Structures are given as C-alpha cells and as structure tokens.
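Notes follow the structure.
First chain written, first letter: the chains are A, B and C, and each begins at residue 1.
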Amino acid sequence: MSKHTKTAAAVAFCSLLLGTGAQAAEEKLYLFNWTEYMDPEIITAFEQKYDVEVVQNYYNSLPEMFAKLNAGGASQYDIIVPSNYYVPRLIETGLVQKLDHAKIPNLANVKEQFKDPSFDPGSAYSAPYQWGTTGMVYNTDTFPDAPNSWSLMFDPKVNPDYPFAIMGDGQVAIGAACGALGKPYDCNTLDSWREAAKLMIETKSRDNFSGFTDGTPALQQLARGVTHVGMSYNGDYLYFKGEDPKAFEHLAFAIPDEGAEMWVDSMMIPSGAPHPDLAHKFIDFILDAKIGAQLSNYNYYASPNAAAEPYLDEALKQPPAQPTEEEMKRLRFTPSLEGEQLQTFQQLWSEVQAR
Amino acid sequence: MSTNNIAVMGRSQGMVREARHLLFTVAPGALWIVIFLVLPSLYLMAVAFMSNGPYGLPQMPLSLNSFKQLAGVGFLGWSPGNLYTLLRSLWQTLVATGLVVLVAYPLAYYITICRAKWRPIMLLLVVVPSWTNQVIRTFGWMNLLAPGTPLSNAAEVLGFIPPNMGLYPSNFAVTLGLVYNFLPFMVLPLYAAFEKLDTAQVEAAQDLYARPARAFWHAVFPQTLPGLLAGIVLVAIPAFGMYVIPELLGGGKAMMLGNLVATQFSGGSNWPLGAAGAILMLIATFIGLFAMRRIGKRLGGGEEVVI
Amino acid sequence: MRKRTLKRCLTAFWWITLVFLYLPLAVVVLFSFNASNSAASMTGLSLRWYHQLLGNEQIMAAFGNTLVLAICSSVIALVIGCLIGYGMYRHRHRKLGWLIVLIYLPIVLPDIVFGISEMAFFVQFHRLTGLLQPGLGTMVIAHVTFQIPFVALIVYSRFVGLDPTLFEAAKDLYATPVKRVVHFMLPTIKPALISAFFLSFTLSVDDFVISFFTAGPESATLPIYIWGAIKKGVSPEINAIATLMIGAVAIAAAISLLFSRKNQHSRKRQS
C-alpha cells in the first residue's frame, strides 16, 4: 500500500471512529418531518432545554415517508409526522408504538375535536401537530376570472393551454379528480375511483400537463411561472408568500367548490425508535401552549392546540389558514384505506402512473 | 521409484500451495460479491415469487401474482399501463442508442484524424462531463429546458411545443438526457476501433469502389463494428434501466421500467411487483449481453468485444 | 477537395458537440452566481448562494459523508480488488470463467436492480439480526461491491502487460514472498494502484442510485442532498454546490491530463 493510501485509510477510519464516538457522547433526537415544517428556533430551544441534538430528515410525500419507515427507518427515527390517513396503516403494520400519555401532560392542551380523532381513537398512538387544507393554487394573471373549481386543471375546455401540475400523492390526486367529476372529494367506491383514474389518464396525456409534483415544490413552480395551476397546502402557500411577496402577488389559494382535503398531521413514535423517552419529551414540548403558537406563527398552519390560541398571530385566524364556516363544510378527510381496498387503489394508481 | 514419488508429492504440494494462493487472493473479493450482491439479488428474485402484503411488503405464501400484475392483470382486469411503460423503455433505449451512434461515430473518427498530440485531450474533453454526478448533469438540462428559457422559447416560436410549455418535462427531454449521459460511453470504444483501422484496406477499397459511401461500407464500417457493438452494450443496457433521467426530466409522463420498479419500493406500495420488474430488467440485460457476445464472436472479435 | 470539406464539416460538428456537452454544466455554473432566484434570467452577479452553503450544516455534513464514503470504500476496494487482480493473473491458465462472471456482475447489473436488492437485503438482514442498519456502513459495503471489479481489472491488465521474466528475477532477488510483494510487486503496479484508487473514488462520488437506496437517516451524501433539494424545488443553492463539484471534477481532469503527459514522456525516454 502506498504511503498516500495509508494516510487516507487512517484518516477515514479515524473519522469513522470519531463519528461513532460523538454519537455516544450526546443524545440525539431523530426527527423525520415534512420539508419546511419546523421553526429552527423551536429546535434550538428544545436542544438547549434538554441538552441534546436534534437531527432532522425530511420527506416530500407520505408514500416516501412510509417507504423509508418500511426500509428500516422504523428503528432509526424517533418522531414522524404523518397525516391522518396514514395513521391507521402505520398502526396496523406495527411501524409505530403506543404513546405513554403519562409522559405527555400537555396533551390536555389539545382542542376537544382533535382529542379523539376517527383515525386514532383516544389518541392512543398519535398527538396532533398542525392541521390544514390541500387546495388549488393558481395564477390570477393567467386566469383573471377562474372558476372556483378543479376543472381549472381537469377540464381541457377551461384550461386549454396553460401548464398545470397535479399532486404526486395518489389519494389526494384521485380525490381532486373525483371532485372534478362532481363526486365528493373523499370518494372511495371502486366505480368512482375507476372514473377518476380514467380522467387522470386523459389529463396526463394532455399537452399542458407538466407532471406530478408534491405540495411544497408545486409552489416553487408556480412562483417561477413554470406552471400556472397546481395543488398545495394553505400554510405553505402563506409561508412562501411571506418569504417572497412579489412572486406570490399573482397567486391565489382556493378551496374548490367541489370539495377538498382537510388533514391533521400527527406526531408518532416509530416502533423501534432509538430514544422513545426523548421522543415523548419532544411531543410534550411541541404541545406546550407557547411553543405550539410559535410553530403555527412560523409556518402558518392552524393549531390543534387550544391553549395556544391567545398567542396566535392574526393571520392564522382568517382564511386560508383558518377556513371559513362555509368552506369547512366542503372539506373532507382523505379516506384511510386498508387491506384489499388499499391494494386495489395502489394498482389503480400504479396504472395511472405507468400509462 | 522413490524419486518419482517425491516428484509427485512435490507436485501435489505445489498444487496445494497454488490452490491456497488462489483461495487467499481471490476468496475475499469473490465472497464479498457473493455475500453483498449475489445473495441480495437472489433474495430480490425470491421476493418476486412472494405475495404482496396489505402494506406493500412481501409475505408468504408464494405466488405468481406479481408477474401477473406486471403483465397488467390485476383486480381490475387487464390494463395496459405496465406494457406501455415497457414499450416506452424499449423505444427510448432504441432512439437514444441510435442517436448516440449517429453523434459518436463521426466524433470518434474526427478524433482519430486529428494530430496525435491533441487526441488524449480531445478524448478527455468528451469524457469529463460524465465524471460529474448524474444528478447534476440532469439538473443542468432541467435549467436549460425549463419554460421561458431561450431554448424553450425558440422551440415554441418554431412550433415544436405548444405555447407556455417548456421543453421539459417531456419524453423529448428524457431522450436528450439519455443521449447526453451516454455519449462518452460510445465515443471511447469507437475511437479505439478507428485507431486500429487498417488503412491499407481502406485505400484498396477506395481504389476498388468509385463512390466513397461504398468504400466506407465495405472497408471502414466492418472494421469498426466490434467497437460499435461494445458501445451499444455500454449504452443500451444502462439506458434501459435508467432511473434518474426519466424521474427528473420526464415529469411523470415518461416513466420507464426503472421508475416503475423503483416506485414499488420508494412509494411503498408493492415490493413483489417491483422485484418482478427487476427480474424483467435482468433478463433483458442478459439477453442483450448474450446477443452481443454471439454477434461479436461471429465477427471474430472474440472476448474483447464485450466491454 | 472533397476530403477538405469533409474535415471542415467534422470540425464544425466537433465544436457543436462540445457545446452540447458543456452547455448544461456551464448553465449551472453561471446561475450559481446569479443575484436573484431565477432560472430564466441573470440579474447580476453575487456570491450569496455560496455564503448560504457555508452556513448550511446539512450540506457540510453531506460533504463530509461523501468524502468519508469515497475514501473508505476506495481503500477497501483497493485491497480486495488488488488481491483478485493478482489472483486472476497468477492463475490465468486455470478455468476461471465463474470468477470472470462474478467480477462482471456488478458492472452489468442495472444500478436500480443493484441498489434495490441491496436495500431489500439489508432491511431484511437488519430485521433478523439487528446488524447492518442502513447508514454509512451499508453504503460503504455497496460501494466496495461495485468498485472491486474495476480495481481488479485495472490491476490484472497491468500484470498482463508486464514481462513474465520479471517475476522469475524477483524470485531470485527476494527470498520471502512478503519481501517480493513489498519491494517488487507493489512498486511495479503502483501506477495501476493509483489510477484504480482514483477511478474508485470517482465512481463513488459519481454514484447516486445505489447510495440513495442504501442510505440511512444520517448518511446523506451530496448527490442525495442535491436530489432532495431538486425534488423540494429549491434551486439556486443547488447550482452553487453543483458548481463546486464540477470544479472538483475539472481539477481532477487537469491532474489526470498532467499524469498521462508525464507517463508518455517517461515512456518515450525509456524507449
């Protein structure tokens, strides 16, 4: 072995050793979260309070998160933040563990309506993080009198030649397609899925379909003028609007008349989490009144935390952060699919993608 | 008698030593590849014959369902999506390989007729872009082909694309990305072939045939065929299994087999189906290699033709 | 006359192809100095994206991971591949067809099949034994697997190119095999070792697909980070990292050019 490679080897092994050495010295919390979904100052505050280090990893979609957990992530992350319709499937697969409510006194701060959600009775496995909506974002210059309808994407007569992107998460995309067909957003019968899939395939073959894009990047595309209609989340829309008001001046967020998604993102602890105690502390920390408000004030999502109410910014009390009464009636949870139904849906969506 | 015995013993001792030597040098690497590649591949193949669990993970009992699904037969009856993807992969591979040949052939020839001093530098210039990461190269094309960029505007004016759209994402962008990615893989073996060209034969052919095209066809082309075949193997096989380029430049319209396989794992939906797709890719790869080898052997190039 | 027009056409074609080859990279470099966050127009020069890079812990960590991964895997692959290369040479008269197949396997296997089978295998293995958790360790294993064949082939071809009588001479000169290895073999194949190391290093830095599927939560490399950033839709920063990586490649290219020049000269002097 030449001298150079020897030194190189020595350096490499030392750094590997150092890497593992540092790991043992300080406790770490592995947070697996959506992109652009956490105030860095909250992380710093948590790190200081408990003298730990927080390692953040990000995902852009729930399928991506689920796949990572399946591929060994269940024993590597301490906290995950899935949306409502993935909660039952995570519980069923045994990828998450029960919460120890005794260790999370701040659970009492949670609003009544989020305390016993349909997707996780009694909050046995999950604690709410934020809630929000998935709507349509469009360019008001391009579409000065756009209909408040999914047809802006799915109807070639309404939007013949401006590029649009559809969300990459199959269930949300098919939900929107159901809406465009005049069915409820949370359609879940085989027949309506079939029709929606057919519409998706036709839509995909249109010239101005620019691709499947996840919620956060869809906003970047819109801001840059790459697309003129897309699907994204209300809080992300407000957040990026705050960051770059000029680029978002001509972009509007809408909850289409046919209905759209309302979701609750929940904190959960993977079954093999390396630091479950710290994870419980983290959940409790987030559910604190002031921290909860800080989080919502940072990323513009409505808070499921009743105690945080007094500290919330004005922007959070009006649409689109807080949908109107009338809009609330149109919002639905994405259905949680299980067993055979889930497999059927996966096949249908795979077919849409492969075409 | 006794000396004979000793010689035999000596020889067998030598053979033992040789065998030990072989074991000592070859075993670590061979074991490494067997444990960390052959076993995993076999495991993946086994997964293809398992049934899909409700949440996408393989489970018992064994079944052929994944292959049925790959062929398009599911709960919903037969549907052509996967077949489309397969055909699209084949078509993209074919077009990209063809274009790469068309560009690389004159390029390699040009390098051989340049002054010897410049040749290494010219080859290096062709190869260097492929040293940068694939993701970065593809990202460069995303920047170039996005809507509103000069290239997209020009294409729009010329009527190649509908208004307001970019050249990316599209099938065209994927083809372009593939050609860009694999060009050096074709130039290098072709250059090697051109360098070995028997000029006497070429000159004889030039005398024999009046038209340069015929001279080329009879004297030059056959001589470069081994290099061409090697290049085709180097381009077509990885192009067929490409993942990054369709994912970034295709925008969901241009899914190829590699993406179909990957989404079954990274979308967390169906490991057995993904594994079945992987087997299909392996079969295609080995058929390709085998065919090239056969053709190469018939042409007399022998072993060196393949890579 | 006709020949000259042909040559002229070819020259033009050469330059067009060069533009084609370098345009995407040039665009990345150019826009990394863009003052505004726009992919379509340059609004002025600035270094703000580079400043942002330095402050980004994740990018720095990814950079460190990339280096550690490339160095560790190249060193291991060098040792193992070198042994195989020598074994193949020394026993080239035997029937080693199976070994050739084994060595070519990592080269011909499509990346995606390679990456996914390793991922599935590691996941299952980890579930059963608790070992091999996805992370830098599994990535090193995967990278070594695809580097071994290249090292072995380079070393093998160097041995084949040597005069066989050299080995006899070395046998007379040095009594023990260890001495032969240290004083004869390693020095003679040193150029092959160096180029094998650099090739392995480049292959490791260049790889995305296999790393992507074998990575763990803390082992993202630069390509994986860039991939994530593209998917997330943040781009000016990516231009800056990409430019730095392109710069590194350019330097490597210059070094390899110098090397080949030097080799040519020394070979000329020898003959």
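The rule is simple: a contact is a pair of C-beta atoms (placed from the backbone, for glycine too) under 8 Å apart; a residue touches a chain by one contact, two chains touch by 3 or more.
What you see is a predicted model, and the numbers here were worked out from it, not measured in a lab.
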- Chain separated most widely from subunit B, comparing mean CA positions: A
- Message: As a test of whether you follow the contact definition, which chain pair has the most C-beta contact pairs?
- Response: B-C
- Counting in whole Å, what is the centre-to-centre distance of subunit A and subunit B, each centre being its mean C-alpha position? 37
- Centre to centre, by mean C-alpha position, how many angstrom separate subunit B and subunit C? 17
- Query: Which subunit B residues sit where two or more other chains touch them?
  - Reply: 146, 148, 265
- Touching two or more other chains - residues of subunit C: 39-40, 119, 122, 235
- What parts of subunit A, by residue number, touch at least two of the other chains? 70-71, 224
- Query: What residues of subunit A sit close enough to touch subunit C in their complex?
  - Reply: 1-2, 5, 8-9, 11-13, 15-16, 19, 30, 32, 35-36, 55, 57-58, 60, 70-73, 75-77, 213-214, 216-221, 224, 244
- Any idea which subunit B residues touch subunit A in the complex? 52, 54-57, 69, 74-76, 79-82, 84-85, 146-148, 161-166, 169, 250-253, 255, 260, 263-270, 273
- Task: Can you check the complex and tell me which residues of subunit A touch subunit B?
- Result: 63-64, 66-67, 70-71, 89, 92-93, 161-163, 168, 194, 204, 207-212, 224-226, 228, 338-340, 342-344, 346-355
- In the complex, subunit C residues that touch subunit B: 2, 7, 10-11, 13-14, 17-18, 20-25, 27-28, 31, 39-40, 80-81, 83-84, 86-88, 90-91, 94, 99, 102-114, 116-122, 124, 141-142, 144-145, 148, 152, 202, 205-206, 208-209, 213, 222-223, 226-227, 230, 235, 238-239, 242, 245-246, 249-250, 252-253, 256-257, 260
- Item | Touching residues (chain side subunit C, partner subunit A) in the complex | 37-40, 64, 68, 71-72, 74-75, 78-79, 119, 122-123, 126-127, 133-136, 186, 190, 193-194, 197, 216-218, 220, 228, 231-235
